[in-house]
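Chain nomenclature is as follows: A, B, C and D, assigned in order of appearance, with residue numbering initiated at 1 for each chain independently.
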Amino acid sequence: MLLKLTCLVPLFPLIGSIINGFFGLRIGKNAVGLVACGSMGLSFLTSILIYIGYLMLPEGQHIYEQVAWTWFGAGDFTVDFGFQIDPLTLVMMFVVTGVGLIIHVYSIGYMHEEYSYYRFFAYFNLFASAMLLLVMGNNFLLMFIGWEGVGCCSYFLIGYYFEKKSACDAGTKAFIVNRVGDFAFLLAVMYIFNIFGTIDFSDVMHAAPEKLIYGGEIVTIITMLLFVGATGKSAQIPLYTWLPDAMEGPTPVSALIHAATMVTAGVYMIVRCNVLFNLSPLTMTTVAFIGGGTAVMAATIGMTQFDIKRVLAYSTVSQIGYMFLACGVGAYTAAIFHLVTHAFFKACLFLGSGSVIHGIHGEQDMRKMGGLKSHMPVTYWTFLVSTLAIAGIFPLSGFFSKDEVLYHSLMDGNIIFWGMGVSAALLTAFYMFRLVFMTFHGESRVDPSVHPHESPKVMTMPLVILAGLATVGGLLGIPFHHYWHLHTLHSWLEPVLHFDLANALEHSGHMLHEAGRHAPSWAHLLEPKTHDWMIELLLMFFSLAVALTGIFGAYMFYIKRPDLPEKFTEGQWGLDLVQNKYYIDELYDESIVQPTIEGSKLLWKECDAKAIDGAVNGTAQTIGWFSRQAQVFQSGFVRNYALFIVVGFISLLLVMF
Amino acid sequence: MEPILAPESIDLIALAPVLVLSVFAMLVLVLDLWGGRNKTLLVFTSLVGLLMTAISAFAKHPIPAYSFNDSYVVDHLSLFFICIFTISSALAILLSVEYNEREGIRAGEYYALILFCTVGMILLASSTDMVMIFLGIEIVSICLYVLAGIRRNDHRSNEAALKYFLLGAFATGFLLYGMTMVYGSTGSTNLFKIAEFVQNPSAQSNPLLLMGLVLLIIGFGFKVASVPFHMWAPDVYQGAPTPVTAFMSVGPKAAAFAAFFRVFAETFPEMSPSWEMLLSIIAVLSMFVGNLGAIMQTNIKRMLAFSSISHAGYILMAVIAKSSLGSSSLLFYMLSYAFVTFGVFAIVIILGRKGEENLEIKNYSGLAYKHPVIALSMAIFLLSLAGLPPFAGFVAKFYIFSAAIQEGLLTLVIIAVLNSAISLYYYLKVIVFMYMKEQEAEFRISLTPMTLFVVLVGVIGTINLGIFPNAIITLASH
Amino acid sequence: MFLTFITFLPLIGALCLAFMPKENENAIKQTALAIALADFLLSLMLWTNFDDTTHKMQFGLNIPWIEAWGINYHIGMDGISLLLYVMTTFLTMICIIASWDVKKHIREYMMAMLALSTGMLGVFIALDLFMFYVFWEFQLVPMYIIVGVWGGPRRIYASIKFFLFTAVGSLLMLVAIIWIYFHIQQTTGVATADILYITEHLDVSLDASKWLWMAFFLAFAIKVPMFPFHTWLPDAHVEAPTAGSVILAGVLLKMGTYGFLRFNLPFFPQASYEFVPMVAWLSIIGIIYGALVAMVQEDLKKLVAYSSVSHLGFIMLGIFALNPYGIQGALIQNINHGISTSALFLLVGIVYDRRHTRLISEFGGLAKIMPKYTICFMIVALSSIGLPGMNGFVGEFLILLGIFQVNGLWAAFATSGVILAACYILWMFQRVMFLELKNPKNVNLKDMNTREMITIAPLIVLIFWIGLYPKPFMKTFDASVNHLVSRVNPDNFRPHQEKHNDSHGEHAQLMTQTEMASLNHKLQMPKKVLIKE
Amino acid sequence: MLEDTVPLSHYLMLSATLFVIGIVGVLVRRNVIVVFMSIEIMLNAVNISLIAFDNYMNLSSGQIFSFMVMCVAAAEVSVGLAIIIALHRNKPTVNLDEFNLLKW
C-alpha cells in the first residue's frame, strides 16, 4: 500500500539535513544543493504517491493513521510517534513539499555565494522535516515537535547571518515570542489530556462533542489557549512583532518559513481542531476579531515601510489575519484555500524580492530602487502577477480565496468582520502596488555603482512556476461550487470539517440537564444557512472594485504624483505612529523585557546575593563573631579562670534552686 | 561503730591491675637509675607493664566483683575502661619516646608518671566509693601536673603546669566539698549505699544533697573540661608537651567520665530531674564554647583543645542519657576518641622538629602533596573527629545520639547535631590547608618509626571502628 | 555480590592508584579510565539483567553488618535507582575522559573521582538507613576535595559552603533516622534500620511524621537544591573543575530527588500529601526564580548552575504531583538533566580550558571558528530548554502533565519556566556563539578535539535517544513508580466524599460542576472509526 | 559530746565561711603562694565539715576521708611547690598575673 510510505515524507528532508549538516563542507556545494533539493523532491514525490494511495482508500474511510512507535508514556498516558493522512494533511503536505521544493531550488542560486551554504541547507531541510511532522502528526504532541521544531529552525535561519547583531536578536526574539505561544499550546494539550484522557486528534475530535458543553468554560479555555499558541506561531496580535524582524534571515527563508508554511501553522492547527473551536462561540469571535484586526493593522504598517521585505512581512501578517478571520467565522475551507494561494503568491513575491535584492547586491531599501523593470524582466512580470493575485484581481488565485473569506465573513460573521476584511483588502492593494511601483517603475534610484542584473535561471524558474501557480491556484476553490457540484477544496476537506452541530448541542443539553441547569436556547444556531449567489457575485464585484481603487491610489501616489506622499504625510502624528509600528515593540520592551531583566538583576543581586546568601554568610559571620567574643574570656589569667568556675558554680546553684 | 574494713572484703585479684601497674611503675623508677640516657629499657618495661595490666584486669571471674567494702568494682565498664587506659597510655608512651628525645626531655620518671597516672585512672574508673574517687582523681591530677610541666625550661610548659595545678586544686576543693555534703546528707561515701539511700523520695529533696551534687558537677566538670570549668584546657593543652596533651585529652578524661557516669547515672538516676538540666546546660555550653572557640584558633593544639571541650559536651549526653545504652556509647566514644586523638597528636608531633614545633595550622599548607599518606591520615582523623562516616567518630556520635534520643533528649541531640555542623568548619579548615593551599615552606618533618606506628594504629582503629564496629559495640553493650 | 563488586570497584581502583608512582601520569589516567569503563560496562549488565516487571529490589544482598544494632549491609536496586546508578558510572567515565588534561596532582584527582563514584553508587543502592547515611556523607569528602583542590579562585569558600550546607541538612536527617530506628524498635520490637522494613511498618502519628518529613526534607531539599537552599550550588559549580560540575549536576543533585522518592514519599505518604502545596510553591518559585536569575548571569557556569535550580524545580514538582505522570516524568527528567546539564558543563569547560575565563562578555562569534563546538552546544542548549524531540521535553511534559492533574494554576506557573528557559539559554547562546568575533584573544581558538568529541558525543546520542524513543529508559521504572504511587496516592488521605473514581476528573479547580458531572457520566470512550496500524 | 554544746550547723557555717574565704583568696590574691594557701584553706574547710558530719552521724568513714584529704593535700603541696620553684627559676616572680603566655 502506498500509504505505508507516509513516514518517509518527513524522513527524507531529515536525512538530507543530517547529510548536509555533517558532511556539507566535505561534499561541496553542488552536492549539498543536490542533496537538499533531492530530498525535498523525493519527499514531494512520496507525497504524490501517498495522495494516490489515499484516493484508493475504501469508501467511507477518511483517515489513515500510521504509528511508527510509542513515543513515551506514563500511567495511562501514552503518546505515539504516529502520522495521520487525511485531506487536510494532504493539502498541507503538498504546500510544504511543493513550495518547499521550489524554494529549495531557488536557494541554490540565491545562496550560492555563501560560505556556509551547507549550513543553510541543513537548516532548511530540517525545517521542512519539522514542518511535515507538524502537519502529519496524529496527536497534539507530535504536532508540538514540529511546532517547536519549525520555530527552532526559524531561529537558526533568521540568525543565519549570525555576525549581525540585528539578525541574532531577531532570531532570539522569534523563538521567545513563539515560546510564549507554545506555553499556551502546552497548557492546552495538558488540559485536553485531562479532559479526554488522550491527545490523539481523531479521538479528541470524535469525543469532543460528547464531552464538552457547547460554549462551556472548559472548551473555551482550551481553545483560547490553543489560539494563543496559534497567534505566536502565526504572528497575530499580540504576538506578531517577531515576524517583521525575522526578515533578517536570507530571503528564501522568508519565503518558505515566514510566508508559505510555518506562519500558517496556526491556521492549520485551528482547522485541525475545528471541532473544538466550533464548540466555543466566544473563542470563534475572538479569533475573528484578532484575525481581522491584525489584517488591518499590519496592512497599515505595511503602507509606511520602506524595506521591501518588511512590507512583505507585514503583508504576510495581514494575510494570515485574513485566514484567522475566516477561521473565526467558521469558514475553515476558505482559510485553507487562502493559505494555499497565499503560499503561492507570497512565496513568489518573497522570492521575487530576493531576486531584486540579489540583483542590486543586497540593497533592501525601496527608496534606493526604482526602474528595475527593464533590468530584470522575468522577476518583474512574475512579481506583478503575484501582486495582482494578492491584491485580488480576477482571475488570479488571490481573487477567489480572498473573496471567499470576505463572503463568509459577511454571511457567517457580521458586517464588522466584513468591513475589516474589505479595508484590509483595500490597503493590501495599495501597499503592494506601492511596492511594485517603487521598485520596478519610475526613475532608478539605485546606487550608480551598482549594476542591476537579472537573476540566473535557477532563481527565475521557480519564480515562473510560482507565478503560474498563483495564477491558476484559484481553481482549487471556484465559487458557486455549491451549485455546480465541482470537486473543489470544499468537498475535499469535508471529512475533516464535518461537524454535527445538532448532535453536539443535544449532548450539551443533556449534560447541562444532568447537572441541573437549564440549557439556553440554541435553536437559532441550527437554522440552515442560505447561500445567495447574488450576494456572492455582488461582493465579488465590490471587492474587485476595492482592489482596483487601491491600485489606482498607489498609482496616483507613486507614479503620477510622486510628491504626494510627502505632502500627505506632512505633520501627521498618526503616520508617525504607524511608521513606527504603533510603538508596539517599544511598548513590549518597556513593559515586559526591561522590567524582567531589571527585576532579575534585582533578584540576583539583592535576593540571592544579599538576602539568601547574606543570611547564610551572616550565620557564618555571627558564629565567627561569637567565636571572637568567646576568645576574650580566655584571657590567660588564672584568677579569671577561677572566677569562671565560681560564676559557673553560682549559676548552677541558681538553676538548681 | 561498724568495722571499717573487713579483711574478707579485700580481694586482691580484683585489684590486680592496680597492683601490677604500680609495681611496674616503681620498677621503671628504679630502672631509671641505671638506664642513663637510653630510655629504651624504661619504655619497654612500661609497655610490658601496661600489657600485663590489661591481662591481669581479666583475671577476676566472675564479674562484677567487689573489693574493699564495695568501694572497688570490677565490671564491664571498668574492664573496658582499663583497656582504653592501657591502650592510650601505651600509645602515649610510644609517642613520647621520640618526642622526648627530640625535645630533650630526659626525665626517666616521665614514664613512671604516666604509669602512675594510669593507676589513678584505673582506680577512678573502678571505684564505687567517693573516697576512692577522690584518690583516683588526685593520683591522676598530681601526675598530670608534673607531666604538663615536665619541660622544666620551657616557659609555656611551666605556665601550663602552674595553671593546671592551681585550678585543679581549686576544683578539687569544690569536688571535695561536694563529696562532703553528699556524705553529710546520705551518711555514706559508698556509692551503692548512697544510691540506696536516695531511693527515698524525701532524701532527694535535701538541699544539702542537691548542693553537693552541684559541687560534684563542678569537680567532675573541671576534670572533663566542660564549660564553664574548661578554661584551663586550652592553655594546658597548648603548653604541655604534645604527647602529654594527647594523653591528657584521652585517658584522664575517660577516667573522669567513668566516675562521672558512675556517680550521676548510676548513683543518682532517681534524682535525674534535678541534675539533668544542669548537665544539659553544661553539655550545650561545652559544645558551643568548644566549637566557637576552636573556629578562630590558629594553633593546632589549641584548636584540638577546644575541640576536645566540645567533645566533652557530646559525651556528657551519654551521662545524661544514664541508660545502659548511655554507658556503652560512652565506652565506644572514648575508645574511638582515643584512637583518633592519638593519631592527630602523633601527626602534630611528626610535623615538628627540634626547636620548631610547627604548631600553626598554616604550617600544614600543601602537606598533602609532599607527604600524602601523612596528610591522608590527618584528614581521616579530622573527619572522624567531625563525625563523618565511615570513620569511628561517626559511629561513636551515632551511638551517643541514639542513647540520647532513646531517652527523649531530642532538643539536646538537635543542638549537638548543629554543633557538629559548626565543628566541621574548623576541621575542614585544616584539610583546606593540607590539600588546597600551596606549600609555604619546606617541610622538615620527623618521620620516626614509633610515632608513625601510632599514626598507623590510629588509622586502623579509626577506620576499623568506623566500618566494622560490631565487635566493639557488642563488647561495650554488655 | 555482583552489585557490591560494581559499587566498590572504583574505590578499589582508587586504592590501586595510590600505589602507582606519581610521575607516571599516563598510566594513572589509563588505569582510572579502565576502571571507570569496566564499571560502566558492568553496570550496563545490571540494566540488561534487570527485570522491569516488578517493583521488588533486585541484585539484593542482605548480610549483617552491625549485628548489635540490627544494622545490615543491605543493598539492592529497583527501577527508581537503576538508571541513576547507571548514569553515575557513565558520568564517572565521561568525567575521567574530560579530565584528561588536568595538570595538578592527577593521581589524587583520579583517586578522588573514583572514590566519589563509589560513594554515589552506594547512596543509590543502600537499603539500610544507616548505610545510606554513611554513603550520603561519605561522598561529600571527595567532592569537597575535588572542588577545593582543582577548583577556581574562590574554591575554598565554595567547597566549604558546599560541605557545610549539605552537612547541616543531613545531620538533622540523622536525628530523624535515629528516631525512626527507635520508633520501629518500640512498635514492632525489631531493631532495624532496614528501609524496606521501615517502609512497610513505620506507623507514626501525623504530627510526628511531619517533623520527620521536615528533617528528611531539609537534607534532600538542600541537596536538590530547592529554593531557598540553593545558594551553595552556583558557588560550587562556578568554582568546581569541569568534571566536578558534571558530577555535581549529573549525580549529586539527583541524590536529593532520589531521597524524596526513597524516603519522604514512601515513609510518610500522608505528610507528603500535606506538604504538597509547600513543595509545589517552593518548586515553582525555584523554577521561575532560577530562570530569571540565570538570565542575568555573566558567568557561563553560574548561568548553567541557576538553570539547574530551575530544572530541579521541575523535578521536585513532578515528584510531588504524586501521580505516575509526574513521578515518571521526574525520574526521566533526573536522567535528562544529568545528561543535558552535564553536557553543558563539559562544553563550558572546553572553552574555559582554552581561554581560562567563563565570562560571557569575553566571548562572541565562536560559531565562526568553532563550528563543531557550536553545533554541539546548540543541541545541548536546545535539549536543556526542552525542545520536543530531545530528551528534556519528555520529562518536562510528563511533569507538567502530572502537576496539571493536581492544580492547573501550578502547571501554568511552572510552564512559564519553559519560556524563561528559552530566554536565558538563547540569550547566552547568542552572546557566546553568535555576533562578530571581536575579542582578539578568541581568534585562534581551536575547535573541539577528538577527546572532547568523545565526551560529548555519547551525551548527544542520549539526548536524541531519550527524546525520540525513551521507552527503554522509562520502562525500567514503570513498575516501581506504580508501586510507589499506590502508596502515596492522595486518594488514600483525602476526606472520603471528595474522592472521584474518574482518573481525569479529580482536578476540578478549573472545571465547572456541570461538566464534571457529565464527565463522570461519559467515561466510556466511543469506539474509533479509523484504522490504526 | 560536741553535739550537746555546739549544733552541727555551726560547724557547717564555719566550714562554709572558710571555704568562701578560700575562694575569695584565690580570686583576689596575686601571689602564687598565697593563692595556693587559699586553696589549702578550702581543703581544710572541707575537712572541718567532714569531721563534723562524721561526728554527728556517728560514722567513721568521714574521718578516714579527712585523713585522705590531708595526705593528698600534702602531696599536692609538694608538687605545687615544685612547680612554683621550677617556674621561679625561669621567671623570677610569684605574681600570678605575669604568667600569661598562653591565652586566647
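Please note the rule applied: contacts are C-beta pairs under 8 Å (C-beta built on N, C-alpha and C of every residue); 3 or more make two chains touch, one makes a residue touch a chain.
Remember, it's a predicted structure, so these values are computed and weren't measured experimentally.
Counted by C-beta pairs in contact, the busier of B-D and A-D is B-D. Separating the centre of chain B from that of chain D, both taken as means of CA atoms, is a distance of 26 Å. Per-chain CA centroids place chain A at a distance of 97 Å from chain D.
With centres set at the average Cα position, the gap from chain A to chain B is 79 Å. Each chain gets one centre point, the mean of its Cα atoms, and the points for chain B and chain C are 44 Å apart. Residue positions of chain B touching 2 or more other chains: 162-163, 166, 170, 234-235, 425.
Counting partner chains per residue, chain A has residues 631, 634, 636, 638, 642 touching two or more of them.
Among all residues of chain D, those that touch two or more other chains are 26, 35, 96, 99-103. You'll find the chains touch as A-B, A-C, A-D, B-C, B-D. By the touch criterion given at the top, residues 21, 61-67, 69-77, 81-82, 141, 144-145, 147-149, 152, 155-156, 159, 162-163, 165, 168-169, 171-172, 175-176, 179-180, 182-183, 186-187, 190-191, 193-198, 202-203, 206-207, 210-213, 216-218, 221, 510-512, 514-515, 517, 596-597, 599-601, 603-604, 607-608, 612-613, 616 of chain A touch chain C in their complex. Contact residues of chain D toward chain A in the complex are 23, 26-28, 30, 35, 96-97, 99-104. Those residues of chain B lying in contact with chain C across their complex are 368-369, 372, 383, 388-390, 394-395, 398, 401-402, 405-406, 410, 413-414, 417-418, 420-421, 424-425, 428, 431-432, 435-436, 469-470, 473-474, 477. Of all residues in chain A, only 620, 623-624, 626-628, 630-631, 633-634, 636, 638, 640-642, 644-645, 647-649, 651-653, 655-657 touch chain B in the complex they form. Residue ranges of chain C in contact with chain A, taken from their complex: 161, 165, 228, 230-232, 289, 292-293, 295-297, 323-325, 327-329, 332, 365, 367-368, 375, 378, 382, 387-389, 393-394, 397-398, 400-402, 404-405, 408, 411-412, 415-416, 418-419, 422-423, 426-427, 430, 433-437, 468-471, 474, 478, 481-482, 485, 503-504, 507, 510-519, 521-522, 525-526, 528-533.
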